[in-house]
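Heads up, there are several structures right after this.
Okay, so chain A shows up in both of these, paired with chain B first and chain C after.
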Partner chain A sequence: MIDIDWRQVFSQIALYFGAALIALVCGFPLLWMVLTSVRPDRDILTATPKFWSFDYHWQHYVNLFDLTDFHIYFVNSITVAGSATLFTIFVATLAAYGITRFRFGGRNAIAAGMLFTYMFAPILIIVPFYILMRSAGLVNSKLGLVFAYTTFSLPFSMWLLRAFFQSIPLDLEEAAMTDGASRPKAVALVIVPLALPGVIAVSIFTFIVAWNDYLFARVLINDNELKTLPIGMDDLYNATVTDWGMMMAGGVVITIPALVFFILVQRYLIAGWGAGAVKG
Partner chain B sequence: MSSIELRNLSKSFGDVPAVRGIDLAITDGEFIVLVGPSGCGKTTTLRMIAGLESVSGGAIAFDGEEVNRLPPKGRDIAMVFQSYALYPHMTVFANMAFGLRLSGVDRAQIGERVRAAAELLNISELLRRRPRELSGGQRQRVAMGRAIVRQPRAFLFDEPLSNLDANLRAQMRVEIKRLHSQLRTTVVYVTHDQVEAMTLADRIVVMRDGVIVQSGPPEEVYRQPVDRFVAGFIGAPKMNFLPARLAAENGALSLRIGEGEAEIRLPASDALAGRLGEDVEIGLRPEHLSMRTPGEDTEPGRSFPFPVEVVEPLGAETLVFTTVAGAEVVARCDPELHPRPGDRLTAVVDTAHLHLIDPESGRVLER
Partner chain C sequence: MAAVLPDQVLAVPVRRRALSTQPRRLPESTWGYLLILPAVLLVLGLILYPVVYSGWLSFHNKHAYLPIETFIGFSNFANMFGDGEFWRSIELGAIYGIGSVGLQIVVGVSAALLLNETFIGRTFIRGVALFPYMVPTVVVVILMKWILNDAYGVLPYILKTIGIGEDILWLDTTHVMLTVILISTWTFFPFVVIGTLARLQTIDPELYAAAKVDGAGVVRRFIHVTLPQLRNVLFVVILLRFMFMFTKFDVIWLLNGSSGVGYYTRTLPIYTYIKTFGQLQVGAGAAMSMFMFLMLVCFAMVYFRVFRRDEDI
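So, the complex of A and B:
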């Protein structure tokens, strides 16, 4: 006869029930967005909303791409977020490496001070930032936005990568150097692959920051051709008549790249790469 | 292969000197072991040879050419680290091939050389595994394989066996020795284990506080230590040290141990004539004391009573311990004697191998 520990069974059931509840609460708006995006207009604005309706169509998506500049915003967002991510990884990797591997005055102060930059809400620094960008001639340009997102995500990225680099034994790098690698090669071939989970985490963080940003883009960008998705969508919302079906279709399309990106990289986030490197 | 020369080499970390002007000429194909206690500067010296540590003063030369400013990459040396330092994201094959790939060796030759080295080290079946799937001993072999495939001008070993258990350590010691006799590449090997130093080295270099105290073949360092530190550091069990006073007696020399607990006579010596009446320290290796049971010949003037306090049977030999003049004394003894604590044995001293040490300077005195 199998001895069943009922207390454990119940605690498991309670745990999964709780998790399902949280998932439902978080997931419901997303589900509603998807459903609305494929619903005819007459079913969207109705006194008695129906959860399921069997009259689905793709017209909102067609309208989104045919009647608006959504595709321009989409390409802009991808370009800006992608560039900001690559640039941040490059700069944060070099900075974190420098701070962990070289000894120089103020090293610890820099490391400790990195996160202080987040004490200021973005809205506080947006005006000085605008003035700075204007004097650099970067207002109303994608490059200006890339710099904006990089400055915002860099401190956290450096701080995170620093912790990863600190956990990689110095011996590995020295082994690569005695094996005939120059320092940049040792970093590229040994250190960065081992810090990959950190690099991935940094890239997710930066991509999401850049992809979701409304504030910097609103202040720095005027031309319609340079708008990113959040401000482009906002302008669609503020147009004379709000087409809710199309708005929701836009919402779905905005969510997809972030989702795909996350699914692609999340398996690299799994820790444990470092096991077996040194004694143990 | 290559000769390595250290000329007045020194290194400081801030105000703290780690290596203070050492001179050492390592000939082509020689197996040098740098040995000493923690903090003696041996690892720093090795790291300077590797190019991982900058040089504060003096010079390092490979084949007569100064390499002080050359990065590790340009020195063509291979290093085996204490932690093995295998690249965890690469297979064993890729680990071993890493250096060859960097130097642009073609794929076919890389495969050939890696497989040859793997065969030499008995790790052929591990080539597809990753470091985390290997045992400590296997990792150690891979680390050595990674060094061997490069066919460098010198191998540098930084305490490579200290993370292995005793059995494996003994086995790897033999393998390293065998490898060296096959490859005949210059080796600089750092350890704090005097057994490794004795068994592996063509020449032992004993270091202390950043300087070389003595350098020579293992036999010589063991038999003719220059001072109390080397005498005590090399050899296991350690050399015995006994306080004594030097006196003249009937044209011979006499050593009174402690408060006259025992007396040992030595032939007269001009070198020691000036030290009569002074305190000295006797240094005696455990194998230079032979045990006699009561009733056996005891040779007066060459022996002292040895009341056994502790017995350590090791199989092939038995160690017996006692206290003489406040100092612990250990002797090797024939296990057939079956000594037991409380036995009143007599220790006969092999005076030919007795060292006299100046208690102030610690130098071994000429006899």
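So, the complex of A and C:
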């Protein structure tokens, strides 16, 4: 006779049921977005939603790029997020290298103080930030946005890179310099490649901060030509009777870069989370 | 990954002898300051200075566009405290903050416990569970408006089919707060999962084995082994989540904007934004930001005093 441990069976069933529930709750809305984006309107606008249908097309994507200014917003978002990412990596690398490789008074206090600002939400400073940017002539300019995103990702980025740099033994760059490499060359060819996971994590973090931001863009940008995706999309949604198929197509296009980056660095991001927020 | 390296590596002293093979005129400390200068300037100029400037503005009557700027002492604060809408925004903010953080923690920790078990397809489900967190907020909100749409939405249809919550209009005045809490929970709970799961994976299995030998069941093992181990990570996660949710702007604003329904989700960040950029009263807006800032500082201090034990962190 086979002895069945019913408690074991029950807990296994509960486990798979829970896993399915997580997959459904997290995955279904996104699946629904993709499905809506490739269906003709007659399959979208029905009181009994269709879970299965066989008629698919790309028309909503074509309309999105042909009939709206979505492509402008897309290019703006790429430009701003890309510049902010490069700028952040440069500034954060300098700072993290300075902190880990040189001794100077107050370096740990400065690092801790910078990290403290990670808790500052944009809404807390948006009022003076706007006035400040206006007097600097950076309202309605992509440069103003790049500054905003760089500054807001710096504290976390610097902290993360610092942890990576600390784990790289000094001997390596000493060896490179003994072999005749200049210090900047040693950093670029020895240190940065070794800290690459950290650099990648920082890039993704900054890129996503810039890619997702709504508040700074809303406050700083007025010209349609300068809008980034979050505010452009919001305005498209509010402009006319909602074309749901096209809106979902836009949602898919905006989500893909974030998704791809996230999948690429998921490992590093979790590692960074461990190095940053938990152990500190 | 950096965190698992021994501390000895981190403490390697800077050896000047070997490093100074290159001719260098500047002393070491100057180099350090120079390298960190751009970062410090950016944070000082664009985060800390605005906070101070905000304090200055809060004592002034300043218009957003017109050149009006007069010192009015504590009038902005007096007006603020006398404004019923301000207190209402704090109340709504508390409902939103406590509701969404509470749900995120409950859902996030439950999901993390489940994802820590062994089952077929675990890696895949772990990936799917992080989905909501990486979808840009503007997409989350428009997608949810579509899913909850009262005429064509798929969720009302599903609920009607299984016979619960048939006639709920998710985006009307009575339900909109619940809806915005649920949407926020959906998109932010993976943050809790990431932190909790990372910690769960480092719990020594022998602790469970020992508890089992002592005859502890599933529930008691959770209460006496898992929870104490999660204490530190939850301490940080709850603090961060509360800070973030209490100052959350985009989800709420994108869902309702300045529409009539938006009045029922007008939390402090939303009201601050409306004061500043809608009513153009920069001074009054600055006073509200300062108040929000001080509230957060007080909250953090009380939180640390009450929940932090010295041996913990």
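Methods note: the second predicted complex is superposed on the first by the 235 of 280 C-alpha atoms of A that agree within 3 Å, B and C clash if a C-alpha of one lies under 4 Å from a C-alpha of the other, contacts with A are read in each partner's own complex, and residues count from 1 in each chain.
Just so it is clear, contacts are C-beta pairs under 8 Å (C-beta built on N, C-alpha and C of every residue); 3 or more make two chains touch, one makes a residue touch a chain.
Source: prediction; values computed, not measured.
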Which of chain B and chain C A:169 touches, first, second, both or neither
both
Going by the contact rule set out at the top, does A:16 touch chain B (first), chain C (second), both, or neither?
second
Taking the superposition as given, does A:217 touch the first partner, chain B, the second, chain C, both, or neither?
neither
With both structures fitted on chain A, tell me whether chain B or chain C touches more of chain A's residues.
C
Once chain A of both complexes is superposed, is A:185 in touch with chain B (first), chain C (second), both, or neither?
first
Return first, second, both or neither, reflecting whether A:209 touches chain B, chain C, both chains, or no partner chain.
neither
First, second, both or neither for A:177, with chain B first and chain C second:
both
In the superposed arrangement, which partner chain does A:64 touch: chain B (first), chain C (second), both, or neither?
neither
Looking at A:226 after the superposition, I want to know if it touches chain B, chain C, both of them or none. Which is it: first, second, both, neither?
neither
Touching partner for A:244 - first (chain B), second (chain C), both, neither:
second
Taking the two structures together, which residues of chain A meet both chain B and chain C?
169, 174, 177-178, 182-183, 273-275, 277-279
As the complex stands, chain B meets chain A at residues 50-52, 71-73, 76-79, 81-89, 98-99, 102-103, 130-134, 136, 139, 146, 150, 156, 163
Would you pull the chain A residues touching chain C in the complex into a rising list?
12, 15-16, 18-19, 22-23, 25-27, 29-30, 32-33, 36, 44-49, 91-92, 94-95, 97-99, 101-105, 107, 110, 114, 117, 119-132, 147-148, 150-152, 154-155, 158, 163-164, 166-167, 169-170, 174, 177-178, 182-183, 197-198, 208, 211-212, 214-215, 219, 229-230, 233-234, 237-238, 244, 247-248, 250-251, 254-255, 258-259, 262-263, 266, 268-271, 273-275, 277-279
As the complex stands, chain A meets chain B at residues 169, 171-172, 174-183, 185, 189-190, 193-194, 273-279
Flag every residue of chain C that touches chain A in the complex, lowest number first.
1-3, 5, 9-10, 12, 14-15, 18-19, 21-22, 28-36, 38-40, 42-43, 46-51, 53-54, 57, 111, 114-115, 117, 119, 121-122, 125, 127-132, 134-139, 142-144, 146-147, 149, 151-154, 157, 186, 190, 194-195, 198-199, 232-233, 236-237, 240, 243-244, 247-250, 253-254, 257, 269, 272-273, 276-277, 282, 285-286, 289, 292-293, 296, 300
